[in-house]
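Some structures to go through are shown next.
You will see two complexes here that share subunit A, one where it goes with subunit B and one where it goes with subunit C.
For the complex of A and B:
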């Protein structure tokens, strides 16, 4: 059973890796977007799924990563790799400086504080001269979609392996303990402030790398698009739809929702955002623990699974 | 000095409206323990209801407020009864997520129905103002301020002194006990949410007379309403008046001394600061 599952994952990975060699340009471009969204969902999974802190502000990390690459390449004429590192440094600095005070908040308060941070970033960056103010930055073009695709896939694999490591490391157990009972974790000797900050930073590192790759790929960034708040909606929905706190759930959620939304938006433009809204509402009501949990229990209970979810949570 | 006085007046007038926007959010949060991330979207919808009443039925936006409020009450009642009641006992994160989803749906539908253009509700007296010594009081803003403060205080009296108000407060304190005393929670939750949305809608109608509206104003207004509820605390409906005035004045002063683009930065900065220093609100009881 376990061997079968590993084989399936490896086969899926091989197919994904081969896409640029047989797929059309449109498919590759869709793939880059979908893979980067999957990285964001997986990054969110670390802080939201495993640590239980529902961040609505991970778009900030994505934006910082974009601007790290943007500033390094457009303003300082440094190579892409240096830009990625710069973006990661910005994200980690942000995670530590703001994470320590904000991670003291719980529940609604943490969610809204991070949402507020996400909202002010556009205004702040619009006033920074180095970041090209509200005009944005133009990066040197690199017309190699295959490379960007494989980079995105590599990053997704790295993020997923990191999450897999969480499920069997002391650090990961510490995070899960914080999610289940923070006081209890503290009593058992988990340094909660350190662990939460590290989880927030780790989540930020992957989001920033995704932002950096995306910036170089589209060769243009401005505050509105780099710090787009609706990215938070997308990454959270994808992670939650797939199954937060599981290794593969967010990846499956991201890829499947991206595919459906791409199909819809090719039929009717901008129907995609409506689709995301409806998916959240329906998913929260009938399958609040995501696809992963549904697949596991559906075999036993069948259609009653959905009714039972409603019965346990309704008034 | 005249400029500063005028800016303070503008801030206070805006603050009254902010208070009313936040009142619905604070009520729903305090009683149902739902932080409604779609709150701003309902404010936006209310603004459009008022706009359409004014444009097509020629009903003055201030006189039409009861109609706007009634329409929004019905929508709010339906949303709570049909959707939110199903997940009231789910973890906090799920309620945040579902209202986030509602906000996306409402914004999209509004964009489809009303187009993304900026609109204003422009009654004939929109440009009139009262000159009071060195400062000018724009008539529409002054009226919006008056109505907002009156409704906020009225809401407070309603919660304190009416049977329904007591039932709502009792439910907020202890659902099980309220049930034992004959409160029907599914209905009462829907009524409370409906009142919150009616307040949001009426605030939207007033907002449309003093500012431009489009389908995307919701998210920013939700965050502001949240900031005000936090500053004022959830224990006392009058807290939102203090919070609203504080935020209105802060934004006006920031726009004057630092720059208009920083007005939002200042208000969200204060939100984060207050959350960190005193999460129960500046006026709220200590946790």
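For the complex of A and C:
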């Protein structure tokens, strides 16, 4: 059973890795976007799914990653890799400086506090000359979608392996304990402040790397698009759709929702976002704990699983 | 001998309410100290002040002679202070085994680094408290009595030097109470000092070496269980004054 699952994951990975060699340009471009969204969902999974802190601040990490690459390449003429590292440094610094005060808040208060961060960052970056103010930065173009695709896929694998490691490490157990009962975790010896901040930073590292790759790929960034809050909403929807607090849930959620969204917007252009909204609402009602949980329970309870979820919603 | 715990003139105020008022006492090594008192006497607050989830307004708590002032709860846990919660707070989504493994991973001395080792220890601890059959169940599927034992196993997996039990017998039937009493005695025999808060007077009388009574946040008696329970002030606190 376990061997079968590993084989399936490896097969899926092989297919994904081969896409740039048989797929069309459109498919590759869709793939890059979908893979980067999956990285974001997986990154959010660390702080939101495993630690239980619904962060709306991950789009800030994404923006910092974009600007790390943007500033390094456009202003300082440094290589891409240096830009990625710079972006990660910015994100980690931000996570530590703001995480310590903001992670004292719980539940809705934490969500609202982080929600404000993206707005603040847009305003700040718009006034920094090094970051091109509100005009933005133009990066040197690199016309190699295959490379960007494989880079994104590699990053997604790295993020997923990190989350897998969480499920069987002392650190990951500390995070789960915080999610399940923070006071209980504290009296059992978990340094909750340190662990939460580390989870926030780790989550930020992946968002920043995704932002960096995206910036180099699209070769243009401005404050509005780099610190776009709707991106944060997307990563949450995707992670929750797939199953927060599971290893593969956010990846499956991100890839399937990206595909649905792409299909809808090419088939029924005008009403696409409406249909997408309906898909999300229905998903939340009939499988509130995500695809991963649905698959696990469906085997035991069958169709009753959906009926029970609908009943608990009192519909 | 240095006492396991020394509570020195500890006071805790919540706005206008004084939950714990200038309380001092010692917990000796390998002693079972029972703390009783009517509802709202400040018993749970006292445990929170020792475990570090609340800070005292004034006064100090010493662990093996070392002041714990300003020390966060997780560091106290690593020094060797384990507690259970009256309102049972398992990690609901985790298995019973992993609930206890958290204690083994993080408890006294920083715990084990390896998950497999921690789970092994957790399994032994669950056998010890009589939950051996439920290791794979989710913690929120356990019933009340099971959760009480789980709280105990979680605290014990930390391998504490001092165990603070907040009403681990409430809601249990007589047979279950006897089983928990036996477990706590074995814990003490393993060299752990135990502070037990309890409502079930009969149980705590037979279990405790010494009994301490709180009333309106103040210590009103401290001594041999029999003499404390015969004490006039204690009787009045529980039953009220006799009017003739």
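Rule of thumb we're sticking to: the second predicted complex is superposed on the first by the 297 of 315 C-alpha atoms of A that agree within 3 Å, B and C clash if a C-alpha of one lies under 4 Å from a C-alpha of the other, contacts with A are read in each partner's own complex, and residues count from 1 in each chain.
The rule is simple: contacts are C-beta pairs under 8 Å (C-beta built on N, C-alpha and C of every residue); 3 or more make two chains touch, one makes a residue touch a chain.
Note that this is a predicted model, so its numbers are computed, not measured.
Of the two partner chains placed around the shared chain by superposition, subunit B is the only one that A:54 touches, whereas subunit C remains out of contact.
Greater residue coverage of subunit A by touch, when subunit B is weighed against subunit C, goes to B.
Legend: residue contacts after superposition of the two complexes on their common chain; A:89 is shown touching neither subunit B nor subunit C. In the superposition on chain A, A:78 makes contact with neither subunit B nor subunit C. Look at A:189: by the touch rule set out above, it reaches subunit C but stays clear of subunit B.
By the touch criterion stated above, A:174 is placed in contact with subunit C alone, subunit B being left untouched. Those residues of subunit C whose C-beta lies close enough to touch subunit A in the complex are 51-53, 72-74, 76-78, 82-83, 85, 89-94, 98, 101-103, 105-108, 110-115, 118, 154-155, 158. Of all the residues in subunit B, the ones that touch subunit A in their complex are 29, 35, 83, 85-94, 96-98, 100-105, 107-109, 185-186, 189, 219-220, 223, 226-227, 259, 261-262, 264-265, 268-269, 271-272, 275-276, 279.
By the touch criterion stated above, subunit A contacts subunit B in their complex at residues 54, 56, 101-102, 104-105, 107-109, 111-113, 115-117, 119-120, 123-124, 126-127, 229-230, 233, 236-237, 240, 270, 273-274, 276-281, 284-285, 288, 310, 312-315. Within the complex, the subunit A residues that touch subunit C are 168-170, 173-174, 176-177, 179-181, 183-192, 245.
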